[in-house]
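Order as written gives the chain letters A, B, C and D; numbering starts at 1 within each chain.
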Amino acid sequence: MIITVKKEAPQQEIDKLIQGFEKRGLQVTLIHGDNYNVFGLVGDTAGLDDKTIRANPFVEEVTRIAAPYKKANRLFHPQDSIIDVAGIKIGGNEKIVVIGGPCSIEGANETLEIAEAVKDAGADMLRGGAYKPRTSPYAFQGMGTEGVLAMVEARKQTGLPIVSELMSADKLDEFVEYVDLIQIGARNMQNFDLLKAVGKVNKPVLLKRGLANTIEEWIMAAEYIMSEGNQNVIFCERGIRTFEKYTRNTLDLSVVPIIKEKTHLPIIIDPSHATGDWKLIESMSLAAIAAGADGLIIEVHNNPECAWSDGAQSLKPERFAEVIRKGKAIAQVIGRDM
Amino acid sequence: MIITVKKEAPQQEIDKLIQGFEKRGLQVTLIHGDNYNVFGLVGDTAGLDDKTIRANPFVEEVTRIAAPYKKANRLFHPQDSIIDVAGIKIGGNEKIVVIGGPCSIEGANETLEIAEAVKDAGADMLRGGAYKPRTSPYAFQGMGTEGVLAMVEARKQTGLPIVSELMSADKLDEFVEYVDLIQIGARNMQNFDLLKAVGKVNKPVLLKRGLANTIEEWIMAAEYIMSEGNQNVIFCERGIRTFEKYTRNTLDLSVVPIIKEKTHLPIIIDPSHATGDWKLIESMSLAAIAAGADGLIIEVHNNPECAWSDGAQSLKPERFAEVIRKGKAIAQVIGRDM
Amino acid sequence: MIITVKKEAPQQEIDKLIQGFEKRGLQVTLIHGDNYNVFGLVGDTAGLDDKTIRANPFVEEVTRIAAPYKKANRLFHPQDSIIDVAGIKIGGNEKIVVIGGPCSIEGANETLEIAEAVKDAGADMLRGGAYKPRTSPYAFQGMGTEGVLAMVEARKQTGLPIVSELMSADKLDEFVEYVDLIQIGARNMQNFDLLKAVGKVNKPVLLKRGLANTIEEWIMAAEYIMSEGNQNVIFCERGIRTFEKYTRNTLDLSVVPIIKEKTHLPIIIDPSHATGDWKLIESMSLAAIAAGADGLIIEVHNNPECAWSDGAQSLKPERFAEVIRKGKAIAQVIGRDM
Amino acid sequence: MIITVKKEAPQQEIDKLIQGFEKRGLQVTLIHGDNYNVFGLVGDTAGLDDKTIRANPFVEEVTRIAAPYKKANRLFHPQDSIIDVAGIKIGGNEKIVVIGGPCSIEGANETLEIAEAVKDAGADMLRGGAYKPRTSPYAFQGMGTEGVLAMVEARKQTGLPIVSELMSADKLDEFVEYVDLIQIGARNMQNFDLLKAVGKVNKPVLLKRGLANTIEEWIMAAEYIMSEGNQNVIFCERGIRTFEKYTRNTLDLSVVPIIKEKTHLPIIIDPSHATGDWKLIESMSLAAIAAGADGLIIEVHNNPECAWSDGAQSLKPERFAEVIRKGKAIAQVIGRDM
């Protein structure tokens, strides 16, 4: 950690700071600059609060050198982590996974029908929302437990593992019993109590990036889960909020190489929520694969115009199959299977 | 609602759309433009999902005319709502309230000491975090119930009502019993299950704006609470996330007149979290009052350099008193008391 | 154009508005909604100023239906435009072009050396900055005319057409004489006088997206050039500014399918400026090709650690060759040559 | 400057780096951390390019300690600079200035009429656009020289100094002859050639903040002007671009105390362009004064509904007078005149 101190700081203040750091077992180097003095601190600075140090009126700036995450940090865990979701392996050089399914679960028959369609198209897993985070309280809020059970039935028929979003810790038992991959949605990325709760169970977690969260905060959210014991975290980029109006969000594909550089965990891409527009899904899916993503999660609906939510961003099964077809060819170019 | 349809749409598609809208009891007007056709829909369109309509490949754009919120909408509730927090009235032309206290509760004695200091300075209420939403799992997570009880004790001694953040519905009973104003933090602004939970109790709620949420989404979060029955919502702006690096967040004071135009609810300003820098608190507090805010919530600590969190943004009690002194004079200029 | 008017508007105001619109030859349809009245205007509304209409205190909202651009609009020009740069064709189904070269021109020998290296690697054109837009007045500002002439010499030796940034209209003659593709940089995307100036010459223009400009504003910048007569505009995405700190900017690849849907012009991607990090160039380049981009512009330097600017984002020639090698394979998957 | 180097860096690389820095006369301190090594550099690092250092694959991070600006830096110029605009003093503890006038100059009579109205209301200077930066080439582009002369005539009649935007260096002579305060617009904040041009003349410059520029970049734009010789720079905040849709831009009032802390130059606020909505002007103007701004620049039009541009954000003269009346009272509270 580097601490920049104003030249006008009295010696007595500087001594007090140094003593405080040394008491914590940190080794202090003082560099006298022309306009500022600078402390370099060596040792475990994770327990130091930047903002408390900055409260000292003589402190100009505090800069962290070491990343604030440990368990997710590739520095301390150089090999890729491969996450196992009901027998499907995600990450490293494993096959790129494709997850397809409706935004909202709308009934047992409809779910089974889409499950079969996405399976035929080549999907590895089924997605579907039973509990829906909707901006409006007047919009459809999801079928709840009934929706989860419809997915369980579809899994029984098709063999596809199921992914669904958990919105509240009080449904965690239900998800542990029925769901194969527990999704934490973008709006709950910093719902720390929910992160701690899924950190205590032994199910893989799909952690979506918040709409305006930095990559570092996203990794810290994974760190919350991992620090409670659950190491099975998969990142999912779904677009960030910018000033652009032609897309719902701005898909940030540079996260793919960055997450792989900074952490040892897999990352998949959700082009449906990122763009909000089915016409953009194919190109963004192929781009994600070319960028090195470990998987895709795409909304598919037999009849998007009648979907109960987010129809505009859903692909019909035939187009979904086309995306997978082209995706496989791109995967081969970069040395992956799909 | 206005729906823009491509010129190439076949008549049969247009008829199908019209029949669909009419079945819902909507009145349809069709305008033939040069490059597009446009439908105007009159009636209750709140149940229509924009994204489902946009899934139709002939639909170019969907524009809502009516605001999606009802209970918070000033159009249907022209008078200002005055929220009563343990006898203190907030909103309308009531006295501008000042809430002060530490970021984190650090012990019973420390809390009492700060409570007395903020009371002496002229504060109306005491704030303090017992459950802390921290970016890092390795940072201090708050004293929990013990912290809440420390605030209760401080209230007993000083008479100041208390405000604290609720992070999880499973602590709601504790908050209903002990806390006077339940804060929903920025990171939980779209934790819809938590919003529904506080919507079912009869305590006022301080609803912070999410770091990257639009004003409309913020009002919709209030609508979640209000649609469950609890009409006692106070908005709190605490800065939004932008590209700027000299401040922690960008304080958006234009929300004050906008919230007052669009809704009938009160709004207060948190300059501490918005700026992250105690040197900016005074000027932003005075600006907030001049802009018409109904209150301020400011972090105060006897010894910011030793605070367990966010020391850099905490005022010492004397500076806090100075802010109140100047604030009162500004309040008078715009015809308010403080 | 759709104009939403408050219910409380007196009939006389409504009549005045209608007369104003009819005087301009617009056809007006009035829809009576429950909470608002809505005017639909048909005809040429390009001359109407939204903000002037919004100045009427009874007007709640103004919504444009038709896009504000004409010459760039694919609606009126359905075929892809192919832009010819010194014999190299860009756009449509033409070969994907690769432009490589140093951030700053540093001398005749250095330029020739890099030109030969990028040519050997497979590049189609040479880029290089002779006039440099630097944040600091104390940073190297470019070699100016001498730099342009160094590129001209490199073109003579290698046959590669040259691309360089024009920062000021007073150098336009020099660029028309010597440069094959005139770049307008991100910071000048809304320097309207410069846009008009390059609109009057007959050289192709590479128009970079501004750091915080919407796609619509970007197309309007092209429209400035085209409305002066020069139809040879190529868009270039180079990342937009967001809150993220691990990358210099956020590369927005969804612009590729959007620009192709809304306009008939080509689009190329600059992964170097977007990311600011050479480690991310390869994955973002391959993603751009998979997304359908018409070309890449990449910074290449023989010795990035000694570059006079932006070394961190420059590839060495061998890595550049590797990007082209993999890029060709991805291009084939989507049916393009490179 | 602090340079973080990976532990795996070979000794030979470290020696090479140290030698490079020492050759530049910098004093190097090396701190061995647990996971990284850190160099502290003391001396004049302004000539070092961060990005070139970062090009070294063993370098993890480069952090500047000293601000990159010198002439604008309060550290080297502790007293407030007072800028004289045709006899009106701006900055320090001088009277808060009020600048009013139309967005676009529309004719000599109209200009004179508004000039008299703003003077009566209490304005100190007249603003007006003769050259207009419009998003669309089909929108009114300003009256040009004729507009400038209309303002000159209004100055003759009213005595109010005049402010107008310069869009291109080729009109600089005209502005030097006729205009009292030369405005550089937000879209040209990083048009470095234009900045250098106005840096060479002896007229005060009103430098608007770019729509997505950091405060540091803004100060660096001032530094461009000052490094050419012209020290008479006044900052003007006019809102930044965010995701919010209810306002045109987000007014960032925290810039007021920050600009005053970091620099010795004055800062004024433009609430008209920031909000785009006349209903928000009064509250944002009063907030700006309370925050400590040195002035306001506000759009005023006799008949906003007939303005040729930006009517929605223009105040009528009576409301403008009301803003000044209340503003004076707020100014007194913070010890300023207005």
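Here is the rule we use: contacts are C-beta pairs under 8 Å (C-beta built on N, C-alpha and C of every residue); 3 or more make two chains touch, one makes a residue touch a chain.
Just so it is clear, the model here is predicted, and its values are computed rather than measured.
Novice: Sort out for me whether B-C or A-B is joined by the greater number of C-beta contact pairs.
Specialist: Between the two chain pairs, A-B has more contacting C-beta pairs.
Novice: Suppose chain centres are the mean of their C-alpha atoms. Which chain sits farthest from chain A?
Specialist: Using the mean of the C-alpha atoms as each chain's centre, the farthest one from chain A is D.
Novice: Just how far, in Å, is the C-alpha centre of chain D from the one of chain B?
Specialist: It comes to 31 Å between the two C-alpha centres.
Novice: Whole-Å distance, chain B centre to chain C centre, using C-alpha means?
Specialist: About 39 Å separates the centre of chain B from that of chain C.
Novice: Just curious, how far off is chain B from chain A if you go by their C-alpha centres, in Å?
Specialist: For chain A versus chain B, the centre distance works out to 26 Å.
Novice: Hunt down the residues of chain D that sit against at least two other chains at once, touch-wise.
Specialist: 212, 241-243
Novice: Can you list the residues on chain D that touch chain A in the complex?
Specialist: Interface residues on the chain D side: 2, 4, 29, 31-36, 38, 40, 42-44, 61, 63, 65-66, 75, 212, 241-243.
Novice: Across the complex, what residues on chain C touch chain A?
Specialist: Listed in rising order, the residues of chain C that touch chain A are 212, 214-216, 240, 242-247, 250-254, 256-258, 261-262, 274-275, 279-280, 283-284, 286-292, 326, 329-330, 333-334.
Novice: Which residues of chain A touch chain B once you look at their complex with the stated criterion?
Specialist: So the residues of chain A in touch with chain B come to 46-47, 49-56, 68, 133-140, 167-170, 187-188, 190-194, 196, 211-212, 217, 220, 223-224, 227-228, 241, 276-278, 304-314.
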